[in-house]
Structure formats: C-alpha cells, structure tokens
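Let me begin by handing over the structure; questions about it come next.
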Amino acid sequence: MVNIVEQPEGHEGQGFFATSMDKAIGLARANSLWPLPFATSCCGIEFMATMSANYDLARFGSERLSFTPRQCDLLMVMGTISKKLGPVLKQVYDQMAEPKWVLSVGACACTGGIFDTYSVLQGIDKIIPVDVYVPGCPPRPEQIIEGLMKIQELAKNESLRRRNSDEYQKMLESYNIETTK
Amino acid sequence: MDSAMMLEKLVLILVILAITLVVALYLTFGERKIAAFFQDRLGPNRVGPFGLFQPFADGGKLIFKEEIIPKNAEKWLFILGPGVAMIVATITSAVIPWGTSIELFGRTIALQVADINIGVLYIVGIVSVGVYGIMIGGWASNNKYSLYGAIRASAQMISYELSMGLSLIAVIMMSGTLSLNEIVSQQPSWHWNILYQPLGFLLFFVSALAECNRAPFDMAECETELIGGYHTEYSSMKLGFYLFSEYINMFISCAVISCIYLGGYNFPGMNYITDPTWLGLTQVAVMFAKILFLVFVFMWIRWTLPRFRYDQLMRLGWKSMIPLALVNLVITGLVIGIMKF
Amino acid sequence: MENSTLQDITSSIESKFPDCTISTDNYGMTNIVCSRESIIDLVGHLKDDLGFGFLTDICGAHYPLIENQEFQVVYHLHNLYKNIRLRLKVNLATVDLAIPTMVALFPAANWMERETFDFYGIQFEGHPDLRRILNMDDMDYHPLRKEYALEDETRSDKKDSFFGR
Amino acid sequence: MSELKINQNGQLTSLDTVDGEIATLNLGPTHPATHGIFQNILKVDGERIISAEPTVGYIHRAFEKLAERRPYQQVTPITDRLNYCSSPINNMGWHMTVEKLIGAEIPKRVDYMRVIVMELARIADHLVCNSVIGVDTGALTGFTYVFQEREKIYDLFEEICGARLTTNVGRIGGFDRDFSPVFLQKLDKFLKEFHIIFDDFTNLLERNRIFMDRVIGAGPITGERALSYGFTGPNLRAAGVDYDVRVINPYCSYQDFEFDVPIGKDGDTYDRFLVRQEEIRQSLRIIHQAKDNIPAGNYHGDVPSFFLPPKEEVYRSMEALIYHFKITMGETPIPAGEVYHSVEGANGELGYYLVSDGGRTPYRLHFRRPCFIYYQAYPEMIKGSVLSDAILTMSSMNVIAGELDA
C-alpha cells in the first residue's frame, strides 16, 4: 500500500504560509469589527438597545462606533433607505476602507419592508453589495447580534486576497462602484 | 561612555519602549473594560481568556486595513501627522526615573534612560511638540471637521500648557532643581509633593487631562460633534498610531504626575529593603501601581463626566486655572521666603 | 374678545365674511368653508381678534370627482384660551391651483405649506421658499394626488400578481 | 470690523456685524448627532453659526399615501413607525380616532389600560431623549443606565402584545386580550425598581456642573415664538406655555387622574431636559393611579365590526365567522365623515385628520406630526450660537426622523 502524503498547507498557491496568515488576520478582523451605524429609523433604536448594557455588542469587540466611514469595517444599515438617501448611502460605502462588510438590518433595508411606496428604495442591495441580511421589523437585538456573528464568520474565512480578485472587482463594477485597480 | 554603558542604555531604551507599547496596547483594552464596568456591561470577552487578546485583534486588523489618502489631502503632511504624534509620545519616557537602580551582572544600572538636568523642561518641550501631530494631521486632511478638531486642539494645548508650566514652577521653586530624578529623590518615604502642593497637583492633573485630550477636554476628537475630529479622514494604522499615541501620552502623563507629585518610586517603609536589586524592582512596581491608579482615575473621569464646550474650556483655562496657578506660585514663594527667613 | 364663545365667533365671522359657510359636523367640530380670496383676512381676524393664536395643521386633500373643486386645503386652528378648535377649508380647482400663503401670520405654516405643495402641487402665492420638502427635488409629479399609484412605477423586481394587484 | 455683541451665555446677539470668512459646514445626513437622518447646511464663522438650512425627507416613506390603500385596522402598523420611540401612543391615538369616527362606546377599563400603556411609552421616549442629550455632551454612561430601564418597559410591552419596539398594540375598540397577571406583576416590579436607576441617572446629570454649563442657555426659544412655530409637548412647556392635550382635551379618561404639567422658563436645553425628567415622574404617578383604580369590566368595547372575535368563537359561531371574515378582508361598514383627533404624543400634539368616504380604506389620512412642525424653528434657535450648542439643541428637541418625514 502506498500512502501519498499530502503537501503541507501553504506550500503552494498564494505563497508560503499564506493560509495561516489568512487565518490569523481573519480572526483579528472578525473580533474587531468596528461598526458604522447607518441608523435611519426604528431599527436604529433597537441597535441602541443592542449597544447598551443588556445585550452589549462590546463583547464581540464591536463597541467602538465610529461615524467616519474611513475607520469602520462594518456598515450596519438600519432602517428605511429612501430614494433620496440612496446616493448618500452609496457614498458612505464608497468612502469606507477595504475590507468592508455590509449588514442590512431590518425588513426595510433588506427589501423595502412594508413600505412598497414611491419614495422608498426596495432593498439596499440595489445600490451596494450586502453580506448579511437580518430580517425583522425591527429585528430583536438578539437577531442583530446573530447578524454580526454571521459577519464574523465571513471575516474569519475570507482570504486576504479576495478583495483583489477579479471576481470582487467585477461585483463592485456591477454596482457602479469605482474600483481601486 | 564605554561600550557596555551604551549597550546597557540601548537595552534599557528597548525595554522601556516595549513596556510602554505593551502598556498602551493594554490600556486600550483596559479602557474598554473599565467603560464596560462603569456602564454595567461586560466589555470585550471573546478573544482569549477574558478577552485578553483583544488589543492584538485590533492591531492585526488595523495593520491589514486599506490605507486611504484623500485626493485633496496634503499627502506628505497627512502621513507625517501620525508619525509625529507617535514619535513624540514615545520619546517622553526617556527622562522618567522608573526606580533608583538595580544591580545586574555586577553593574549598577540606573533605571532611567537619561538623567538630564533639565528633565522637566524636556517634558514640557516635548509635550508642546505633541500638538503638532494633531495639528498637522487635522490640517492636512482637508476636511472641515478635522480642521475644527485641529484648531480646538492647538488652542486648548496652548492655554493649558501655561497653567501646567506655572504649577510646575512652584514645584521647581520648592525643590530647586529641574532634574526629574532629583525631584523624585527629594520626596523620600511619604514626603510627597502632593502634601505641600495640593493645589498645584490639582491644576497639573487637570492640565494633564487637557494635554492628553481626554474627556472632559476631548475637544479635538469630540465624536458627537466633529465625528472623529482630527482623525476623521484617517484609516488603517495611521489611525492606529493616533489612538495609540493618545494612550501612550496618558501613560507618560501619569508617570510624570506620579514623579512630580506622588513621590515617583518612593514609598513608605522602603528603607527596610536592603538588597539594591530587590529595592529597584519594588520601586518599579510601586511606580507602576501609582501610574495605573492614575490611569484608572483618568478613565473614571472619562466615563463619568460630560465634556466642556469649547469656549467654556478656554474660560476655565484662562480665567480660573492660570490665576490659581499664579496664586499657588505666590504662596509657594512666600512660604519659601518665610522658611528661609 | 378672548373670552368669546363659539356662538360669538361664528356670528362675528358671519357678519364680517358673508361668503363663508359655517357648519357643525357630527363630531362637534365647526367647519368653515371660505374662498381663497378671503382666507388670509379670515385667519388674520381669527388670530388677532378672536384668540385663535395656534395653527395646528395645514394639509391638502384631493377630490377628483368634484368638478372645479378638485383640491382642498384644510386648516386647523386652535383657540388655546377657550379651547375651541376650528376647521377651515378652501376649495380649489385643478386649472387654478393657487392660494395665498399664511407664513406671515404663522411661521409654522412654512413647512406645512411646503409639504402640501410637495404632495398636491398647490401653489402658495407669496411663500418665501416653495420647494419640495419630503420628496426629491427632481420628482416630476405630486404623489398624493389620487391618479398616481402608491408603488414606484419603475420598479421591476416585484410581480404584481403575487400581491393581488 | 465693528464690535461683536456677546451676551453672558457666550452667544452672539448681533449678527449684522460679523465680518470675516464664512465657511459652509455640512451637518448630516449621517452625522452622529442627528440621530436619524436629516441634514443641516450651516454657514459658520469659526464656531459661530450664522445661518442654518435644514433639509428633511431623507426617510420619507409615504405614510399618508400608504394609509389610503389599507383597511382601517391595517393602518395601525404604519402609525407604529411614526415616532418609534413611543409607538403605543401612536397606535392608541389612531384607534381612538377611528372610534371617534364610528362613535364607539369604550369601557372605562380600556381607558385605564390604555393610559398605563401610553404612559409607559412616554417614559420610554423621554428616557431616550434625555439620555441622548447626555451622550451628546459626552457622558455615555447615563445612556446605558436608562437603557436597562427601557428594556424593562420593552418586557412589559412584550407581555401585552408580544412586540418590543413597534408594538402594534391594541385593537380598534380596545385590546386584543386583557392584562395578564404576569404583566401586573412585572409592572409592580418595574414601578418599585424604576427609581433606583432613574435616580442614578438624575444624579449623574441633573446637577452636574459641567452638564449644566453646557445646556443652560443652549438653543433657547420664547413661549411666544414657540407657539407661533407650532411647538407642542415638552418643548413648548419648557418655553413656559402649559399646553397639554391630556389636560385641555382629555381623552381616554385623563380627567380622572391627578398629575402636574411641568413647565420651564427659558425654553433652553436645560429646561427641556428638566421638563422631560419631571414628566417621567408624573407619568409614574399616573400609572400608579391607573393601576390602583383600574375598574372591572370588559377589555374591549362593543364594536363587532372592528374587533376580531376570539378564535374559538370563529370556529363555533356563524356570526363570529362572518365578522372575522369581514374584518380581515377590510369590508366593514364605516360612516362617511371627517374627524380630527389628537393625543399628547411624547413629542407633542399628535393629530390624526381622517376623512372617510364610507369605503374600506381612509379616503385621506393626515398625521399632524409634532416633530415636523417644530423642527422648522431649528435654524432660528441655533442662529448665533456655537456648533456644540446646535448639536445639543437638536438632541434636546427630540427630533425623530420617522415622525419628521412620515
């Protein structure tokens, strides 16, 4: 019987030991997701509840809110996004530094919710790419936390080079977002 | 200066630098935990035991984040800003006496990098350079909010440095020296300067809060008004440097306060320890205990008090602190005169 | 006149503004229908002489089936001294959708009139800043008119048959 | 350059003399202090605000058009999202409007139950507003304290209707179920424990020197101006006008309860803060009275064409089945007519102007949103003050974007 020894991880592909590096940085990113709360309406109040003592988003290392897009990793879109606000949201997404994730909280942000009206954008995924959708009108804080944990999963398992891949660039281009390349 | 001495100083510098960085790293974590404690929360607890590796997660993330330099920013100054802030923050520690000395490999090693005879002046000078980091960064960002932060920070620094300096002069008059080491060694056991200069201590403490841009004087950052203040446009490790330098500044300020007013490494009953190495190490521990206590007070204030308005801050600086510091100076002078008489 | 009762108020209005029709509905609210020429004088009279110092609300309404009175502007006034509420209505025709503004009397009317303009396209003559307020500036219709659909007409992702439309 | 006149609050009194470079500062739409989405374009001279130009409508959701397409009971969820910090008040206000239109007789017990729920909502709303003033001055800690209390109020709402924030509580005609014993227990516990954390919060801010320096004299408005700008609610009362819909037009048996209407003097941020603090205490007083004197009786009025029959009935009796079908399909007879009904929302007079043509949906429903009306005074209130004051003024006015933009 011949056993074929598998090559050690990281021996080929993106570079020596790149995968372990990927993992370490993925872990770091996952546990230090600084959110930008783009809170427009009801869900924003539930987000405040999530931030405060009973639910405490800080446990995941996510309590450092910053309202400047440059410093955030996670864009949390909470509440109705109207057509008037759409360009603003897109600009905020544009201004964020890579890697960035988007969490769409609440029915309104995901699909427009009960507001199927002339003034409301029917889901923010029309203008920016979304990573995780949290349903609910508004979602309970537990749900928001679960959404965050799903983002953590994504961040953990993301390759360091994903953001440079053609696939990613194409995806951004499909949203008419200027790419850095 | 022989080569062994050079080596010794180099090692000491590296050790102090490393300790400063690690302490600053953990101060960010401590701040979050203490904030959580004051707010009935848990604080970060997912990374490692009790969340102890949280700072490394933050650091790792920041290093691998995209650098953005805004199109209209002044590129070189934009990069220079955080660098200045970081360098200035780290070099202040050179004149802090961490202990008297320890004996290692048959040599007596002084626990101070440089015992320059104008240590106090050096600190005051370096701290004033510190504001350049904020000013340059805020100005170069080409963002109005950053500019507001920078302007507020520089005006605040100028006015609070005056009262800081004036309250320092009273101490210098008492001790008759500008060397930090000398000032510390003049406060043996429990004869700390805070007992002779309570008002001076208070003024210096408040000024230190203002110099570090800590609440209630965090005008430069002021996240509910100016979004991020001077570092609004910064991302990645440049932001990391700014945040980091803030914590190093806090650490060093507390070290200076404990040197000047709380007797530095002195503690009651230290004459009973005879072994010089043990004495040195205990002194370092005592020094750190004092510093960490002061840091805790800094954070306590941060999470309890609201912040001042810009003009109120200036009014406090110019109309209350400076006159009080002058009064303190006059009283000190009179007392010294009477004692000599 | 601040102590006047509803009776005094109605008689005062009737004598001064004969073209107004005053009625009381089943819910105890006094409705006054007047013309757009007299509305400003009427509100001025109510405010200055009869103590109606609080403008509760201005809104529009669209009645496409009533000819020549397709639009209505409804004002709610409140006399805080005597706690009397009044509802004033002005009917307007589609061909001539204009009514004088009330901003000079009540600063509060500013945004309410802008909202009414935004929703119904009613022109408030003399308004200092008559722009759209809630909708986008480049919107080309007045959405609360009955002929326009609630939903966005350009949307493509939702199939009407799923929603019973 | 002639001399600037600055009063003792550090505010510029004469603006004609400003001479210098004027910058434009864009405050919003996603500025942290806006708490919701609206924009102010400020003209500033240094930190001094020379003029402000607010832009609203960033979350305009077309409530009024939406309400024209929905049967009466389905309008309730829309009202939830008006002032989402205190949705039960909006729900109840809408229910009462429809009850007024159809002339329904409502039992006293329902009134008392409604009062309890509405006052709880008022407490929740004022807690958010006051703690957010704290956050905007930089004191975040009080905010997390009061949110623990808010969670308890959420718990109570969950016990009544199953939802936390957008409650959709009650039905036209009353409630869908009676208060459960667990609810009453939890209410007792809440009333007993509320003051502990509330006192903490009060101690943290109310007499804090820095806080007082910050908020006294920030964004003042006189009673007269406030009235002409259509202010209502705590903001008007802070300016010294004792107008409260609960007192002047008592709905829902508010005349049975004894409570004070707190008023301020200067109409500045501190007065608004204090008025809200005092209103929280008065609300507690009302809840105590309502809880102790709650009369026996049915938990809903006799409005079979609006109040869904219990599910067991639907399975057994023909009449209930028919009503159930008609209500669910929105085919209930409604008299034609128009009503205006207003309740004292957490922000002020929340009015519903309802025109019915007898059809299944409202023909026209207009919400008098207090925020929308008083926010237009904002430029006048911050003119001549500094940037920090402008931000505090905004948060102390408690502008809720959902209500503002409808």
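Each chain gets a letter, A, B, C and D, in the order it is written, and its residues are counted from 1.
Quick note on the criterion: contacts are C-beta pairs under 8 Å (C-beta built on N, C-alpha and C of every residue); 3 or more make two chains touch, one makes a residue touch a chain.
Small disclaimer: the values here were computed from a predicted structure and weren't measured.
Hopping across touching chains, the smallest step count from chain B to chain C is 2.
Chains touching both chain A and chain B: D. The most central chain, judged by the distance from its Cα centroid to the centroid of all protein Cα atoms shown, is D.
Two chain pairs, A-D and B-D, are compared here, and A-D has more C-beta pairs in contact (counted per touch definition above). Per-chain Cα centroids separate chain A from chain D by 32 Å. With centres defined as mean CA coordinates, chain C is found 46 Å away from chain A. Note: centroid distance chain C to chain D, computed from Cα atoms, is 24 Å. Multi-chain contact residues of chain D (touching two or more other chains) are listed as 31-32, 57, 60, 62, 65-66, 144-145, 148, 405.
Shown for chain C are the residues in touch with two or more other chains, namely 134-136, 143, 150. Those residues of chain B in touch with two or more other chains are numbered 35, 39-41, 223, 227. Taken as a contact graph, with one node per protein chain and an edge wherever two chains touch, the assembly fits none of the named shapes, being neither a line, a ring, a star nor a complete graph.
Annotation, chain-chain contacts: A-B, A-C, A-D, B-D, C-D (touch as defined at the top).
Interface residues of chain A, counted against chain B in their complex, comprise 24-25, 27-32, 52-53, 56, 58-61, 63-64, 66-68, 70-71, 73, 95, 97-99, 160, 180. Across the complex, chain D meets chain B through its residues 10, 23, 25, 31-33, 47, 134-141, 144-145, 148, 204-205, 208, 210-211, 213-214, 386-389, 391. Chain C makes touch with chain D in their complex at residues 25-27, 29, 53-57, 59, 61-62, 74, 76, 80, 83, 85, 87, 106-108, 110-112, 115, 119, 132-136, 143-144, 150.
Only residues 29-32, 35-37, 57-62, 65-66, 77-78, 80-81, 84-85, 128, 143-145, 147-148, 150-151, 154, 164-166, 401-402, 405 of chain D touch chain A when the two sit together in their complex.
Those residues of chain B that touch chain A in the shared complex are 32, 35-36, 39-47, 51, 54, 56-62, 64-68, 223, 227-228, 231-236, 239.
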